[in-house]
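Next up: some structures, all given as structure tokens.
In what comes next, subunit A is part of two complexes: it sits with subunit B in the first one and with subunit C in the second one.
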Partner chain A sequence: MDLFLQTLVNGILIGGILICLTIGFQLTFGVLHVIDFAVGGWTMLGGYTAYWLVTLAGIDPFISIFLVFALFLLIGRGLGPLIYHVRTSRYARPDLMALAFTFGIFLFMRGGALWLWSYNSRSVDSVLSGQFLSLGPVTIPLMRLSAFILAMMFSLGLFILLYRSRFGMAVRALAQNHDHAGLMGVDVKRVSAWVYGIYTALTASAGVLIATIYSVNPSVGIRYTLFAFFVAVLAGLGSVGGVLVAGLALGLLEAYVATYIGARYSLLIVFGTLYLVLLVAPKGVLGRGI
Partner chain B sequence: MNHKFSRRKFLRNSLLGTGAMTLGFPALNVNAQEHNIRVGVVTSLSGANRFGGNLTRRGYDLWAEEINKLGGIEIEGKRYPVEMFYGDAQSRPASGADAAERLIIQDEVDVLFGPYTSGVTLAVQPISQKYRVPMISGSAESPNVWLAKPAFNFGMIPAVDLTTDKSMVVLAENLGDRATTASVIGVDEPFSKETAEGFRKGVEESGLELLSYELFPAGSDLSAIISKLKSSNPDIVAVGGHEDIFINFVSTAKALNYKPKALIMHYGVTSAAFIKETGTESNGILGVSVWTEGLPYKDELFGTASDYSELSFSRWGTRPDYTEAACSASGLVLQDAARRLGKAPPWDQGTRAELAKAIEDTDIETFYGPVGFAKEGSHYHNNTKPVPAVVQIKSGDIVPVAPENASKGELVYPIPGTS
Partner chain C sequence: MASKPVLTPKLIVRTLLFGAIVIALAVLPALIDSYTLRIATGALMWAGLACAWNIVGGYAGYISFGHSAFFGIGAYTTAILMQSNIGASFFVTLLPAILLSIAVAVVIGGPTMRLRGAYFAIATWAFAEMLMQLVTVLDFTGGTAGLSLPAYLNEFFFYYIMLIASAASFIGVWLLIERSRFGFRIKALRDDEPAAESLGIRTNLVKVQSFALSAAITALFGSIYAYWTTYIDPHSVMGPEITDQMVVMVLLGGLGTVWGPALGAVLLWITNRYIWSTFGDTVIYLPVLGIIIALVVLFLPNGLISLIVGRQRGKELISRILGKL
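Right after this comes the complex of A and B.
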């Protein structure tokens, strides 16, 4: 029973990070209709930036996460028009072009990371490192709990932005129909660029949280790209709300499989579940489908 | 005097002159080069494994510098300087094979020093075989390298399946009845899996009870595995992997308030990166090393293991690990075999085959330890002689704690603050 409860806590806390990782990815798909394969790259760069801020300036990751958010918001905002251009260009399949383009960005980031930091893993310490709460037989690492709370805060912030602001209204209008939104006076290019900025900022922030819990190296990007894609499909591509359910479900599924069946089989069962979901419910738990 | 120009005489003299030049130059050339032994190094100077690749280069270079200070390798009373040539494997097996071919054909090397990783070594091995160029590999720890029974390749570091099982036996013997149970985990990829399997074999050989054995994919969240270990609480936890997984293990265990009574890992624990990243948490962690500066070995060129460490530190600014030491010792193997061969360079294919035979018969003591290559079995041409030392990290220092003849400090068990 103790192990069962500990696994429950482990799964929920990891689920929170996956939500932060995926929520921006969903937003980008919903608004720009781009499946961004650079998601793992942004995560990796966020982690490395936090590592730099800790080692060069001694800034705790739970403070530096806000600096990372701001920095990547600007980077993503700068790159946004380019993504928008590729997505709306007159290629035969602009969606595939955009996918290939983001995959190219990912490879560039990965190559750059290998060149800059070699393969060595870097971990980020915080004042909360190694501290924990003991609730009977269950240990709750404060670092993971804080990361979970921050991830929830970011998700809540995004919901408020989307449903309680004029910008959010414009974003939702774009998600419905770009042309109609344009006719209603929404600056489609500008809003799309900011959406891409918000996405990169959220994903890089998830990278900071991941670096505080695990470690970062140039190869982690592929793993988190897969996880983001899994959560997004399970949620229903484009459904920001579904991410909350799917993220927690994935966290719990992976934790229980690893504990009771074996970590060796967790990815196998997790991705087996993905295929099952696609067969039974192609629109995901709360989504509109691919 | 009337000198009449004779066209016939001119042509004859020109022909004789050209002939003499043609025949004479190679002779001069051979004379100029006969005092050099051309050594090709194939290793990863760029790419993902460039850090380790450059460690191998440091080891090889240090030997070349030291032997050249004496005038080179002594053969039949005469010294032949060593000339080093480099081929960058770019951390890719195919590039390593290309680099080896270039070194053999273009640079006409007499002998090769091997790559950093087992993957590149496996790719270079057939090239050395094809051109009959002996290769001494100072790194490469996968047992697969030796399963192929390479006729021309010789490995200085015992394969990982040999070192990990021996180290577990050594550890269990030193702990006596204080430890009765063990759990083994490892990353599900070739090197780490072989390491974990070696640990498991060692657990069985030493009579410990194996509570669990689990492999997991690279990059996994270790919280589930550590929660299970915490629940069963074995006396010894052994981890097969590389630095990144060790760092993850230590930080996740710390976060979940778990500290095993004894935690043993393999390569990576002794690296500066691991100690730096884990900080004080590294204290008490055990590792396996086929060489440390505290071991009681010595030879004529480098002196004691400690002397070698000082020399390397003064040359490169960092303390050498066992990879660097094994690479330097590769040179000692070459100079011993060349001395026994007794033939002056350059060496043709037939002589190189004789040199390979001389290397196979190596039986020497070095600062790195005893060197002798297996002549049959699944570890063919692998140096199986070194007995791995169990080391323990104490305040950032790597201290050999077992076996007794190599011990330079007390084996701390259990680690203070353990669960």
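Right after this comes the complex of A and C.
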């Protein structure tokens, strides 16, 4: 029973980070109708940036996460117009071309990371490393708890931005219909670019949190791309609310498989479940739309 | 097709050109050293793989990120059957490898190809990763340690095997897709699926057929590759880099064209080997692939072949370039 409870807590804590990882991805799909294959790449780069900041400048990851957020907000804002251009181009299949484009960006990131940092895993330490909080039978590493709280703060911040600001209103209008939003005076291209920026910033921040808990290496990109797909597909692509449940579900699935079946089977079962979910309910289980 | 004349001048020229290329490739090993021969063998393999991916990705319009699964199925079938306790000879293993990949393609192709666009891409990717994880945890595949095959150190043998397999793939795809009803069905499916359905085309059947054909060719090259390198592990034959290269090669050369995949494959493979010999490592090749694919999407969505073959934009570009000379 203790083990069960401990796994439950682990799963929830990881689920929180997966929510932060996927929520921006969902927003991008809802607004730009682009499935960004580079999502795991942003996670990876966020983790490596935190690693650099901590080794070169000695900045604690829980502070550097805000620097990473700002940096990737600008990078994503810069790249956004290109994505928008491809998605709205007059190619025969702009959706597949956008997919191929983000796939190219992903390859670039993955290969660039391999080239810069080789295959070695890097982990990021913080002042909280190695400290634990005991709650009855359950031990919670403070690192995971603070990562979870930060991830929730970022996600909550996105919800406030979406539903309590003029910008959020514009974003939701775009999710409904680009043309109509444009006619109402929304600068479609600019808002789309900012959405892409917010998405990359959120995903890279999740990467910082992941680096503090596990480690980063160039192959985590593929793993988290598929994890993001998993959460997004389970939630229903474009559904921001469904991510809350789906993220927790994936966190719990991974934790329980790792505890009771064996860690080396966890990816097999996670990817197998993703495949089955896609076949059974490609439009998502938990809702749709923004 | 009955309405078309069987031999048009264009067709004769094409056949002669193809024959000339094959003959030139057949005498090539006599002229080059063994290092270059290995590069040429690799180029033939990647041309064949790109041709296989193009059936699903280019002609049917379903971007698959899971073809490494079939490459791995071929490689592992050959490797397992050639282990000393079974001891099958290489050519005997080809048939089970192809049949197994077709079986898997039919079983997973049917349900997976009901998904469209990005959903299909995600599903195939998830399937390939799942299969790679499965191979990693199983015992008879050697787990992460991989498998060794009996070594057969005859570079000429592998060159000619690759040449035959590659040429057969290209002729097969050309006959099936450019010269038969099956090809019209596939293209109709790509261009407008509901319309194709309403014309009485059994789109599900066509999708599974094209997926199985593509899988069979991919597995064939997987088998040959395993025997050629004599050692395989989950990452080397099922890793995402296999699919990544196939996708980029076809996009670079030209989606849904006969010659595009070969062009893209040969160019990228030579680039790969050049980078490898210059920098001592192929790590930098991945970011190069990434840049190429992004640039192709932005500036050359029809691929390099559109610069050569008489597409409108290609013609304009060429005349502009020639005008400046």
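Rule of thumb we're sticking to: the second predicted complex is superposed on the first by the 271 of 290 C-alpha atoms of A that agree within 3 Å, B and C clash if a C-alpha of one lies under 4 Å from a C-alpha of the other, contacts with A are read in each partner's own complex, and residues count from 1 in each chain.
The criterion applied here is as follows: a contact is a pair of C-beta atoms (placed from the backbone, for glycine too) under 8 Å apart; a residue touches a chain by one contact, two chains touch by 3 or more.
What you see is a predicted model; the values in this text were computed from it and never measured.
**Student:** Could you say whether A:157 touches subunit B, subunit C, both of them, or neither, answering first, second, both or neither?
**Tutor:** Neither: A:157 stays clear of subunit B and subunit C.
**Student:** Kindly classify A:100 by the partners it touches after superposition: subunit B alone (first), subunit C alone (second), both, or neither?
**Tutor:** In the superposed model, A:100 contacts subunit C only, not subunit B.
**Student:** Just to be sure I read the superposition right, which of the two partners does A:282 touch: subunit B = first, subunit C = second, or both, or neither?
**Tutor:** second
**Student:** Based on the superposed arrangement, let me know which partner A:109 touches: subunit B (first), subunit C (second), both, or neither?
**Tutor:** second
**Student:** Could you look at A:267 and tell me whether it touches subunit B, subunit C, both or neither (first, second, both, neither)?
**Tutor:** Both subunit B and subunit C are touched by A:267.
**Student:** For A:78 in the superposed arrangement: first (subunit B), second (subunit C), both or neither?
**Tutor:** Neither partner.
**Student:** Is A:255 in contact with subunit B, with subunit C, with both, or with neither (first, second, both, neither)?
**Tutor:** After superposition on chain A, A:255 lies in contact with subunit B alone.
**Student:** Do subunit B and subunit C touch any of the same residues on subunit A, and if so, which?
**Tutor:** 114, 118, 264, 267
**Student:** Spell out the residues on subunit A that touch subunit B in their complex, using ranges where they run on.
**Tutor:** Going through subunit A, the ones touching subunit B are 2-3, 6-7, 10, 14, 114, 118-123, 125, 129-130, 132, 134, 139, 141, 143-144, 213-215, 217-220, 223, 254-255, 258-259, 262-264, 266-267.
**Student:** Under the stated contact criterion, what part of subunit B meets subunit A in this complex?
**Tutor:** Answer in residue numbers: 47-51, 188, 214-221, 223-225, 227-228, 231, 243-244, 247-248, 251-252, 254-257, 273, 277, 279, 281.
**Student:** What residues of subunit C sit close enough to touch subunit A in their complex?
**Tutor:** 61, 63, 111-112, 114-115, 117-119, 121-123, 125-127, 129-130, 133-134, 136-137, 240, 244, 247-248, 251, 283-294, 296-298, 301
**Student:** Using the touch definition up top, name the residues of subunit A that touch subunit C in the complex.
**Tutor:** Result: residues 35, 37, 82, 85-86, 89, 91, 93, 95-97, 99-101, 103-112, 114-115, 118, 222, 226, 229-230, 233, 264-265, 267-268, 271-272, 274-275, 278-279, 282 of subunit A touch subunit C.
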